[in-house]
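You will see two complexes here that share chain A, one where it goes with chain B and one where it goes with chain C.
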Partner chain A sequence: MVKSTLAAAISVWLVLTSAHCHPERFSEHLSLKSLRDGRVATRFSFKTVVQDAVPRAPDSLADEDDAQHYTLFPLSLGQILRSYAVTEMHLTLNSGRWDYTRWGYPEEAGVATGAELWAWMGDSETVSLDERWKGLRNALAGLFCASLGSLDERRTTSPSHSFKPEGHLPKYSQPHRLRHATLPSENVCTENLTPFLKLLPCKSSSGIASLLNPHKLFDADWHGMAIHVTWDKNEGVVVELSFQAVFDSVRTNFFRKRDWSFEHLFGRKIVQHCTAAVASVIEVDLPVDVAYSISPEPSSALNGIAKYDVSAFSGGLDVSLKWPGEEAFAYPLHPPTQPLTDFTITRVLTGPTQSRGQLSISITNNLPDEATVLYVETMPWFVQFYLHTMRLTVDRRQRDDLLSSLSYTLPIAHGRPTLFEPRLRLPPNSTVALTMEVVKSFLQYTEHPPDAQRGWDLPPAVLVPLRTTRPSNSTTPNVSTTSDATPLTQSLGHRQPNLQRIYTRNLLVDLATPDFSMPYNVIIMSSTLIALAFGMLFNLLTRKFVLVNVAPRVVAAEAVSK
Partner chain B sequence: MDYHYVLPVVVAGRLLISYSLHSDALLHNHQLSSPPTSYSRLQEGVYLFKNAINPYSGGLFHHSPLLLSLFSTVIPLSSAISPALWTLCDTLGAHCMVSIWRARSKLESSRRDGLIAALYLLNPYILLSSLALSTSTFENALYLLSLSFASQGSSSQALLCLAILTHLSLPSALLAAPIVMLLISGPESYLASPKAFTGDARKATRLCAEYLVYALSLTMISTVISDGWTWVPKTWGASLLLPDLTPNPGLWWYFFTEMFDHFRPFFLVVFSAHLVIYVAPLCIKFQHDPLYVTFLLQGILATFKPYPTLADPGLFLSTIALFPETYPYLRHPIVTVLLHVHASLLLPLFHHLWLGQGSGNANFFYASTLVFGMANGAALIDCAWAGLRIAFGEKVPGHEVVQK
Partner chain C sequence: MDAAQVDSDEVVIKDVAFQSESIRRRVLTSYWIVVLLALPLWWYSTSIQRLSLPNSRVHAQESKQLVFSADIGVTVEGLNFDAQQLVRNVGDNLKDVIRSRELGYVFDVKLYVPSSSRHDYTVTIKNSTDSYVLANHLSFGAASHSPSEVPFKLANTLGDLLTSSLASKRHHDEEHRVMQYAPRYRLAFSLLNEDATAGNTAFGWEIQEAINRSLSPSLKQLSALHNFTIESHVQFHAPLAFTPKNLVVGDSTIPLHGLTQEQLTVFINSADWVVSSGVSNDPVLHFVLYVPSASRRPLRILDTEGNPTASSAFIVPQWGGVVIYNPPVTTSTENFHLDVSMLRNPFSIFQTQLLALLGVPQLPSGINTAPRNADNNNGETGTGRTSWQLDALLRARALEATKGSTETMTSIVKLVKQIDGMPVGKDVLDDVRGALDALDEVYTSALHSPRLALSHARDAAVRASRAFFNPGMLALLYFPAEHTLAVYTPLFAPVGVPLIAAALREMRDWRARKQAARTA
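Let's look at the complex of A and B:
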């Protein structure tokens, strides 16, 4: 009797809890691409989908949360997302500088040097958005062993025009808002990778993740990890953990060839596949116009991409790509004739003094069409812009009309950073130069970092191309042209620019430093000066003036001398 | 020197210099313009205001909304107009100096007029600040205008000018007490023959009330202009809380750069209260000559206020010209002059070594501000001494004036 009631109770409990259990799906993916300069760009992606799950509504934060049961989804990350009611979140930790001119677009847009965190969260009255943002960054700092706690109010901005949500946003009682922060001096290292691997269902013991060998990854020319949480209304909550790295296979090859294999790049090969993964795919971009050999035989090869299904290779998988006709790799001496990216952006901070300088940005539009872009600059408060000195020039001719609108949040000393977000029109095939004077502020001595003379890293600026509407004269398709000899420029002309955002490199700003050993001395010396002035003045004002007869003594002295 | 001859020549010379010497280095010089008086920041504020961005939402702009509305509507800030406007303000200041002198000495015109005007217009501290288009030029002109009206007995105009001055620079509010006294008792010199202040309390109350009404209306006007109260913490608040630690020739900036965080509020209160302490004792001790009180108090402000520029001590030094009767009683004028020469050589040199050249550090410039503080303090103490000593007449052989 007791047994049966217990069994009934358990079954009821199971039914109840399973109501909160959503089916989960894990898939892993690795893509490898040989770059023009002999390097190999790799991207690992581990995607977990909690089907039909919905992000927590911020209004329910006051109530106890439903119990969450995950099988594949990383629990520690799930708890963070639930307790701060985060709808969408992107965290990237990168080391090195992505070279757009030589490598083209990265597979994943977030290649800002250092740490970048942005999140879309529903506004709510129960727990304020900024409180949850603070909680989120501190929790992530703990989870990934990174100094994300420093992404405080002094770094946080809200460039909502540029960082649009990548998934869907559920309809809550209050609108969603963006919080974005960058920490350019944060570097990614092994201590960040270990917690990253712990979030994966197979850890690094099997499947594609077994290739994530810290010794090799952190030796790469460029490497970075990313965590993306999005919500897709058709799929559910999607968590994608990814790792990008650019390896220099020529440098590590004894014969200076660009041949690579898993063993060569990662020091490992895939021994067994991750059984938790529904899909485990490796994609290799095959070279064009050159003789190559790839082994083992790919599961499929389509459109210049070789695909491997890891589960089909039971005896271990070590993909290798060789250029048999090549002796040693010859580095390309000239830049590519056709730029690899639609836009090129450089940003420099000039100026000889420690109190002011000039910020020069030049943006090149490589497209044969006019393009509209957003330029996003988030500056810490200690570099302040003089907007009245802003000049836009094309070929040294002033073109202030190219600035179509400007959104600008002023910095607050010791507090909020600047957000400078102009919308620019870029004429076809030309370079727009934007210059502006900046003031470098003077910090309190406690605000300086321990190695103050090194200077401050300034976060990268972001160029966000916007979808352009076609000019009215070309809305009709080109079918009316009599011959098929459409000029090349015209056929290229109406293509949409690649909408991936482009990051500039970091800047280092040299701020004037006080003498860090001086606090007591300054307090003593300034106070002495003030006390002296005060004392002498009050001495004059309070003590009575009297006329003293000093003559008799003089007379007596004179008498003695006589 | 004939005033009618000297003034046009000097002003013409000033105009020539201000149009030919247009240098960025002067414009951004930390000694000539501090954050609340900087021309570039004013330009930035006007730019933002014109582009419908509230300049008070950020930490860069500390100017009064009155200046903001003036330069965004009536007078445009441009390299063609500004030098002339600044020179004009200095000319007005010089003329006011002369009229104060005339009121004090009860002379229609004297041979000293030209000298006084030239001393003001050619004082290097004032001249350079004016070339740097620092708005402290306006503050100086308003101060002299207020004193000039007060010396002539035009109470409303004097108090209005003072209210505008207070609005531009909050510490100037301390000058209200001696200026009200000046309006009651007149500008004549009674330093040599002190008498008790015989003021009508009712008149004083009326004058104070009038001043407050002006100050309040300016506040309301500013609030309407900038659409809210955001300007208050950014303008007046800045002179109490010192958010911007840009170097200047004063004593506050390095003190609060090096201050321990938990002592910061305490010392901010001490430094602000320190300025207030002097008002009552000076007004009591020099009750016979309120113009001299104003002069000394301005010297104290120039030395100890939060964001001074060289124009503030410059004004103090130039106004010494109004009190020639005290000269014989100065104890150490040579030392004061040498200290000033010393400081004015060290200040630009060490500033450049620290921020431009990079071969010096912050202590270099701090040390020169200390020397400058000593020079101003020495001038101040000596003037206070001379103002009191004069009452005991010329030196009698065999007798010495000492303090009990």
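Let's look at the complex of A and C:
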């Protein structure tokens, strides 16, 4: 049965591609995974490929663009990419904090709280890169109803070692450059999801996308959407729209069980499949070492993953996973014996005053091997680092040798942010602490946000593990950038870390806030002072002194001479 | 205290330098001089820049009239008319025709006999029944009219060819349908499937090929007026916001689905449909090819009585055109692809709609675009626009842009006059001056070339609207004069009161002393 549906899917794909010479291909994908704490991590992915398409060369921006004809590819997004000649772009809008210690790695790396946008664009003289970056973020702000327009120069950096392109970069006359910006205080909500759904060929009316029910999605413990545009020289321009959400199925279950179903999680089931998709696949991670029941019968089940081909289920699909032996779900009381991530990172800003503070970062390497990582910190200009106070310690012992290189971009007051990008070596199974003193600047009166007393959100820092190469062990061929550390490489004695980047949580910094009625106070105070001085002088000069005779003339003469 | 005593005391005090009356008065006067001198400086430093606009020049524009001219060379072939007499007759009739059109501009048309190549247009009056236009040439078939009617008919035809109803002062429905003039339009073509899950949907279209065949010639000709950017996409779910009417016509077993005239006005479901990309600020002309879902076929447009009409298309004024495509009835649920032959009909409608939306005048009835017996089987007749039509459109658009920029500038002048707190910077003044200069150019160039007139008028319109929307003009609206005064009061009141009090006291003393001197 599995084989026949697969064959059917392939034949449908062949018919669509060969009969109409379709240069565009759309596929949709949903994966569900039960987490250790009873929650369910879900990821929707909608991928459109424009075959053999090439991103627009920035040099051609001066010329008229060709007529753009799209079938499945979202037109609005396509036109934005064309008009700003963007080769690669990643936009994520997330709400909540991804809990790495309890949930492990997310399926998609971009889980920074708030908005994050980074793009690779070819440099050009016709229209400058920064002008196009500005246009891109404004256009995306308009498209997704998000305040991405405020990702301006004060938030934009160009990290030199991290955020490498995920696809290929075409060879243009000038090199490609990176622009990266985060907006931690941005929140994702229905107004962002609606334009997101409009970019899909089947909208939310059929196929996997019909499960995207805003009422349920925005009730989830963590949720976020992402748009990735990459160019693959063998495939073409690839756009992937994805939505990740972590649902607390125990909270919403009457019997406190962790059983879930589509109806339960999303309030909907898939009634019709999206005819525009060449593949719509649902993957469910099956539980290990526990009795479970899954219904309906999956199209295939391999390596602990149950697969459903949506087009094969014509009468409606409502996948459900049950733990029949379990009464109420018992929350795990202890952390997992083996940490779920290779690295753990925490970052705090300490210091009671509004002018000084200390940034403390501790990075734990859970691997039995030494690992090399990049730590990327983007700080708004008003939090300045005292770089000379930087201390690297392991178990309270100073270990300056762990810092192998450091790239640092100085901030410009009221302008560019700081970029702090050290490369660190992490000893096996140990925690490296990095501390540094910071000074908080005074902001200008007009620079404060409307709710100034709340403080400023600082963007999350990013930990980027680097691939380590050992000269003695050069044969580790099957490690790709996205695959997890496989048991095979582990058995060779040298384990490659998971190269997925890890985000820290946001920080809130309390800056000195003025009394906002200050300008008026200043005006009134200085006016009073001037009036006082004037009055004294004026009175002294124009007062008419009159001699009052109360005593002999001598006294009067004395009074006058004084 | 007796008077003598006081006098002698005062004498003693006046011995002290600054207590003498004259010095005190001088101190007081100098204070006042400083204050009075500082006043203009204060006024200057706190007031806003308000350059004076060339008001009289702007108002003079309102009464100006555009004058266009056209020379027509007339030849008479194979007819025993007195050419001179005929041309005089036609000319007189044409003047009446043009006057009756109530154009917004003065149109000076001159007819010449014999014809030569230096004329703007040429007319040949022939003894045949076939009338047609080719480029700037009109071949008029006089045989179908009685000889006495010929001058009148020809004048009417020429009037129709040379003017566009867009330029008429009379109220026209067409005016509301035609897009406002813009140098660049975005043409957004959408293939909308009502519901792809129902099967038998259009999965793609040969759009580029269809555009090349049906639209490109027109677009090329219109490039004198506008530039075009083209984009297209396909959608698989485009539900209607209402349910079409169900009706059974005759003894047919297949029910019809009808769109009533009211439903046509709400046909565009902008909440659910994405019909253009919105990547630029250029105005968009939308062209929608709507494929109803398999259960809603055939979908027809109903007339006011509720009977289905033969038409499958309609224009949404200033927005675009819609064509409803009902695929042939089949029982299969196989999806299909719209090839060029299937798109020929919808795209020829799109072409007509495009021309209507851009205000291209139609040829008068009875006039063809080619000789009747010419090789005419390529099926693309009527796509070419003659220079008669284009020139008429150019004149109308030039008039529109001229009128528009004049109105904008009048509004600026009025607004600046009304709102005292509105700053007028140098850039606004420059833009207004530039627009006025461009308008002057329009009036001088209109006589020779409508094309040149349009390009100047366009320039004027751009400058005028840039001046109107200049962000600097709004800067101080929220900081009114009362506010300035309120801020300065804590300074002015305590300083002003002693100054005035001292001045008054001094004056009173002076008057008292004068009176004392007179009585003494």
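Following the convention adopted for this analysis, the second predicted complex is superposed on the first by the 476 of 562 C-alpha atoms of A that agree within 3 Å, B and C clash if a C-alpha of one lies under 4 Å from a C-alpha of the other, contacts with A are read in each partner's own complex, and residues count from 1 in each chain.
Just so we're on the same page, a residue touches a chain if its C-beta (ideal position, glycine included) is under 8 Å from a C-beta of that chain, and two chains touch if they have at least 3 such contacts.
Please read these numbers as outputs of a predicted model, since none were measured by experiment.
Colleague: Is A:Trp323 touching anything from chain B or chain C once the two structures are fitted on A? First, second, both or neither.
Modeller: neither
Colleague: For A:Thr513, select first, second, both or neither according to whether it touches chain B, chain C, the two together, or no partner.
Modeller: first
Colleague: Just chain B (first), just chain C (second), both, or neither: which does A:Pro411 touch?
Modeller: A:Pro411: touches chain B, not chain C.
Colleague: With the two structures laid over each other on chain A, which partner does A:Val522 touch: chain B (first), chain C (second), both, or neither?
Modeller: The answer is first: A:Val522 touches chain B but not chain C.
Colleague: For A:Ser206, select first, second, both or neither according to whether it touches chain B, chain C, the two together, or no partner.
Modeller: second
Colleague: Going by the contact rule set out at the top, does A:Phe243 touch chain B (first), chain C (second), both, or neither?
Modeller: A:Phe243 sits against neither chain B nor chain C.
Colleague: Should A:Lys198 be classified as contacting the first partner (chain B), the second (chain C), both, or neither?
Modeller: A:Lys198: touches chain C, not chain B.
Colleague: Looking at the overlay, what does A:Gln68 touch: chain B (first), chain C (second), both, or neither?
Modeller: So A:Gln68 only meets chain C here.
Colleague: Looking at the overlay, what does A:Trp456 touch: chain B (first), chain C (second), both, or neither?
Modeller: A:Trp456 sits against neither chain B nor chain C.
Colleague: Would you mind listing the overlap between the chain B footprint and the chain C footprint on chain A?
Modeller: Shared contact residues on chain A (touching chain B in one complex, chain C in the other): 523, 530, 532, 534, 538-539, 541-542, 544-547, 549.
Colleague: Residue numbers of chain B touching chain A in their complex, please.
Modeller: 28, 30, 40, 43-44, 46-48, 51, 53, 55, 57-60, 243-247, 251, 253-261, 274, 277-278, 281-282, 285, 300, 303-304, 354-356, 358, 361-363, 366, 370, 373-374, 377, 380-381, 384-385, 388-389, 391-392, 396-404
Colleague: How about chain C: which of its residues touch chain A in the complex?
Modeller: Listed in rising order, the residues of chain C that touch chain A are 1, 5, 9-10, 12-13, 16, 18-19, 24, 27-28, 31, 195-197, 199, 201, 203-204, 207-208, 211, 227, 229-237, 239, 272, 274, 276-280, 335, 337, 487-488, 490-491, 493-495, 498-499, 502.
Colleague: In the complex of these two chains, what residues of chain A are touching chain C?
Modeller: Contacts found on chain A: 16, 19-20, 22, 64-65, 67-76, 78-80, 82-83, 139, 142, 198, 201-203, 205-206, 272-276, 520, 523-524, 527-528, 530-532, 534-535, 538-539, 541-542, 544-547, 549, 556-557, 560.
Colleague: Enumerate the contact residues on chain A facing chain B in the complex.
Modeller: The contact residues of chain A facing chain B are 352-356, 381, 384, 386-388, 406, 408-415, 418, 437, 439, 441-446, 512-515, 518-519, 522-523, 525-526, 529-530, 532-534, 536-551, 554-555.
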